[in-house]
């Protein structure tokens, strides 16, 4: 009996195959998991005996989580909605890494076409990979149009193969490269950690989810942040502290030379460009920036 | 005379070509050496004028160290034994990196075959790259069988080209992929730093070996460990300290706000997953994990 | 009017295409810039709205900076001089990374040829990519020779297609691989941050240059340096401090156990090999080396 | 007016992107067309000013031919039927080249599962890329089951993600590699040359189609055939002729030496292995096999 | 003496490195030479002991042929003229293969710029790899402009880095891809077989050149041509013969069945598309197209 | 019983993995077999149900043919002898393709070493992959030396890791590239078709071998030969015929214009370079060279 029970004590976790895969692998590694993708296998190996992984397309993830084939999975909110899947959303995993940033599903037409807004698309052909999202969007705007499923290369279809498209873009570069004009944003999407509703209600699984998320979110929090150590003359300390961002409480330790104070803090990497010159002006010396792996608590 | 002497003051070091090469390069880099592999050359360049490197197959390393062609080299203990080479083993370099973990030479047969143990292989054909190790193993078990040298692809030989094989495996995936069944482990092996016996007795070379090993082992010690900094309320300190692993003595420094204490320690990366939630529960805040490069002393 | 002004408030920055490109990208990333190279575009995207980047061959950079097409750019001093370009040199960006180290333009002939010095090349054919530098060098030595522009593969030209060459080398390996003998060094070169003279005189641009250089040089300063933390018995402190390099003032903090002192400092990575054994001998324990990202002030 | 007319005198031809693309390119080349695929363009260039090409997924081809966006296209009959497209089928282009041979859409389940026929799939989940074909097939067999669109990797879905699949196979190797068992063949498919119904009725376009097909089919006819030339003693001629396949009328020419006859014929390449030894036995000498490019008429 | 003479009996032949290289290799192979390019060597091996090959950039070929370093070489007429080299042109090797077709050096400006003709470029900056050709062209048109040597990526320079460019194009696709507008064609160029003037006057070398050219031109003549064999009813022969192109005299042989005639001829591949339907209409049957390797005489 | 018999009616054929593999695949294709190498499988698929293929290293082929695991195989005579295998050699398959030409096992030492002949190697260390061949060679010359098995990169071992080597060379380029000097040729080797002795005595297998060899040798015979068709004035026929190589009996057919004769023949490709100019001089016109696929009988 206990053997059976211990068997039940495993999570079946879906990892997204395709554009999200490489970054998901990196996220788990940063979070402290050792994840191996054996060639030609759909069953990644993870160094946590309580987790069993399976590679699944982002498009199909929510369907299998809803059916209970999977306890949880990572996929974009776009595909959750396109599938109309009833799942429990545990966390937004947006992170400053390729394919983990916000993506936009854009309604676009060819540059130089006369379509100015979604209203002008009445009766036209719209090609998209997200047929349901597009139909819902059109309904909301009271526009009837023909929505055709696109098997790929959607961005090259206007104007010959479609009048308009709804296509996804992270940086906008495929929009520009194909000389398209954006009419509207249909949906913004980020990667989410979703769970099956029954799984989310199971106490053992719930606690397992929470501990996993602590690690995943700790790694995401550290991304885009850095540590700063510096020596500050005692009398300059207030002027230095007032420019340090509020979020990280600076650690202030005494030094042997009691005219100086050591300050250690965590700041967003993107403010460093503005912060360092200011710190130097205000008297900080020996400023050392160092990388972080995780931030928790 | 001094020219001759200064010539003698160089180590000739063999680095393993093949599966161990990439990780060996990484190990030396982490240890603080700058190692360059010029294309199509067998003489890697190292930024230590007292060391001369040469790329040699792991299979042949021990032979050349024994002959004194090399002062020292890195190779698996498996090949040292297969060659029956009389060399001085200075250190085990097992590390948590690809090909530097423990590998196993496994006696295996085809799934579904009727062989149950080595005893059943009497008179059968066994294909292997390690003919001597296999013969010694069979002798130990009192089994006579025909051992054939395999030039490669050993794992696909059963059942047509061989009845059994002795083949090496790090993760067991080639065993599974070829539907083999393991009968026994013939040898476990890790990479070793080996030296020629005369070289190991030479005072200058001995001291050089020790300093090199301090760096190499410092890098290995840091792999799989991380630094943790955190702020702890003074009254929670004992409860936090009791869950920190014994091995790294935590550094405890006073803070400006005397209700809080800064704790800095080193822990194994693999315990972080369990440790972080516990630390948060026990009152630690602003926990920052940061990467390490070397641990010594 | 303000629109015009705000337009003027952008720097046009040339980044070198080719051998310097990958390292330049890494340098900007380490300096805290997010730089993207869209495929097939010559306009890298940078996350600073005040900078507009353009990819340009190192050979042509100085010409366009001089003309004012660019406000600033990164290129080798060799190409600045070859073009005879009148530009303002803001900083030497030599760094311990591939292609950012010092390179040498060498006058070389075939091994076994009878040419012993530049004097012997009177009337001979010299192939080179830097025709002007070579002519200036020959003039300085009072030698008349025929200097031919080489479109590439200069190093294979002697002895059939040229009597001598002036070619660039970072490690000397192409010199050796082609059995050439070096007669002289024509020029040593490192990457420079150069600016147009008018741009360097404009107050807004000048301040922008300074802040960029603080970040770029902070990243270069961190390269090849590491942080060291260690615990030292109080009585051993002087002996430890006297072997720590002068350049980084060590931070010395009190510990809970008042017989020990925590020391934190920054040292050049290349001295670590010699320093660590010494520190251990002098009583330091728990020595941890950790990576740095930037050093400023 | 004539300008407008001459504009109308172009065919818009869809070429299949993806698995059929490389072989389609080869087919057109063998048929005497010069077809270039500019990188990153969806508009291949062809050296016939009366044809304009466009790359389109095989899955979407029939839809666009039906709508009249294209005059004609090449795609599998499977996708014509899956789309329920009303188009004119001009020719079957099955040929002995990769992806141009007959493919089969197979209903398959996991080896070892208890499903024996389609009847056992009542109420089960079937994953497939051809939802409509599968539903029609199930209807025909009076079976109700849940058919789910599969975005890819269909063959790895049983037994966890689906109970059965309908997937395509040319050689059966993915069936074997994934340990699946075939229950039935849902559809056999070959590439077809399809035309829009109005285009097929237009006299100019009709004639253009016929001439194109003469070339395409001439190239297909030559594939898998070879020419044979041989010298035969006059008296052996009947015995040689009776083993030559009927389809190619052999050309029999007189030779200078009137005891011998030259025979020239075309045979299927696959019979050559059996034919050559027989011809030698029957007296033919100097048998030369040579390659063909096209067979017409 | 004879040893010296036999040494003199070798041609030193320059083969173009770069865009012409692959097709040159193919041309020599089709011409019956076995040409090997050892990796990293500039000395291709050829199976004619009287020829010694050397790989040289097309840009530099004419210079070395003029100097007599090479007896002969293959390069474009564009680079012959750019170098102002005095060499003997033995043959035009234009052929229907990539990079052996006619290329054009085009004067181009950015689409949307106001430059309408070369006259508008007075005082402007023109970037080009062919500085001398461009200056000569401008002189001819009486236009003074600044011509700057471009190290590459010339096509992306307008409008920022140059006002106009002179760049080479085989298919015009880079012109289109960079949104350029062509003002004029500066030069049309094809590959030429050039010889040193003294070499061309040497009887032994002259005869060697002639025999090489017979083979090279035989291979070029066969490219783009095919053989056609067909059976024709005797009474239809005149109607068939009148549509066969004049250039290849058809071979007409008697057949066993004296109502039929075998016709064998050579035609340009590009007319086959039009010819085959016509031949069928006029009674030809069993038309077989076959590939050719060389046409001579 | 018949089922069992029909099972026995299959040949198990070993194809060489490694350097011979690609050319072996080409040889079988030219011989009219359709051979597919499924990725990661050691069982190539062939379109002859009477043959079962298996990929085996050339080094191990003879061992398995001797044991009867294979009926026949293709491997070099060098490995047959190194293994001392007792097998039946059916044919020499030397052909003018990479790795199918004659290779030489050479005894070589470092350029500049004082070894002049095998006699000088007494007591020295010789590294080689063919230990048995080398020992037999040394015995024959009455020289005792230490022969060490080399796992690879044999050519870089002198002078540090070995005094001499016995290594294989097809073109001699690795000898030159590593600055070695050849002392002697130990063995010349070509690929052979070998059979198990029992298999060669079995009538069904014997006949199967003969028919396979007819095809394989027909393809080899065609390699390096071409067909020539030409028109010759009747009166010039003798002068043309006397320069045509004896081996192919030319086919001479009458033409409509009875002043001319059509000549069709087969010649070695390598004589074409000399033959064509001569034929033109002697009156032949419209000479067409065409490729051949097989020559038999």
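In order of appearance the chains are A, B, C, D, E and F, and numbering begins at 1 in each one.
One rule holds in what follows: a residue touches a chain if its C-beta (ideal position, glycine included) is under 8 Å from a C-beta of that chain, and two chains touch if they have at least 3 such contacts.
Worth saying up front: this structure is predicted, and the values here are computed from it rather than measured.
Novice: Under the document's definition of touching, what chains do chain E and chain F have as common neighbours?
Specialist: D
Novice: Would you pick out the chains that touch chain A and also touch chain F?
Specialist: B, D
Novice: Measuring between mean CA coordinates, which chain is farthest from chain F?
Specialist: A
Novice: Given that chain D and chain E are copies of one sequence and touch, is their interface built from the same residue numbers on both sides (over half shared) or different ones?
Specialist: different
Novice: Compute the distance, rounded to whole Å, between the mean C-alpha positions of chain A and chain D.
Specialist: Chain A and chain D have C-alpha centres separated by 44 Å.
Novice: For chain A and chain C, let me know how many angstrom lie between their CA-based centres, rounded off.
Specialist: Those two chain centres are 36 Å apart.
Novice: Using mean CA coordinates as chain centres, what's the chain A-chain E distance in Å?
Specialist: Roughly 54 Å separates the two chain centres.
Novice: For chain F, what residues touch not just one other chain but two or more?
Specialist: Touching at least two other chains: 253-254, 290-291.
Novice: Examine which chains touch each other and state the graph shape they make (line, ring, star, complete, other).
Specialist: Topology of touching chains reads as other, fitting no named class.
Novice: Where do chains touch, given as pairs?
Specialist: Pairs flagged as touching, ordered by label: A-B, A-C, A-D, B-C, B-F, C-E, D-E, D-F, E-F.
Novice: Spell out the part of chain B that touches chain A in their complex, as residue ranges.
Specialist: 171, 173, 226, 229-231, 253-256, 262, 269-270, 272-273, 276-277, 279-280, 284-291
Novice: Quick one: in the complex, what on chain B touches chain C?
Specialist: Going by the criterion above, the answer is residues 32-33, 36, 38, 45, 47-48, 210-211, 214-215, 218, 222, 227, 248-249, 251-254, 261, 264, 266, 290-297.
Novice: In the complex of these two chains, what residues of chain F are touching chain B?
Specialist: Interface residues on chain F, with respect to chain B: 17, 42, 54, 56-57, 59-60, 63-64, 69, 148, 150-153, 156, 160-161.
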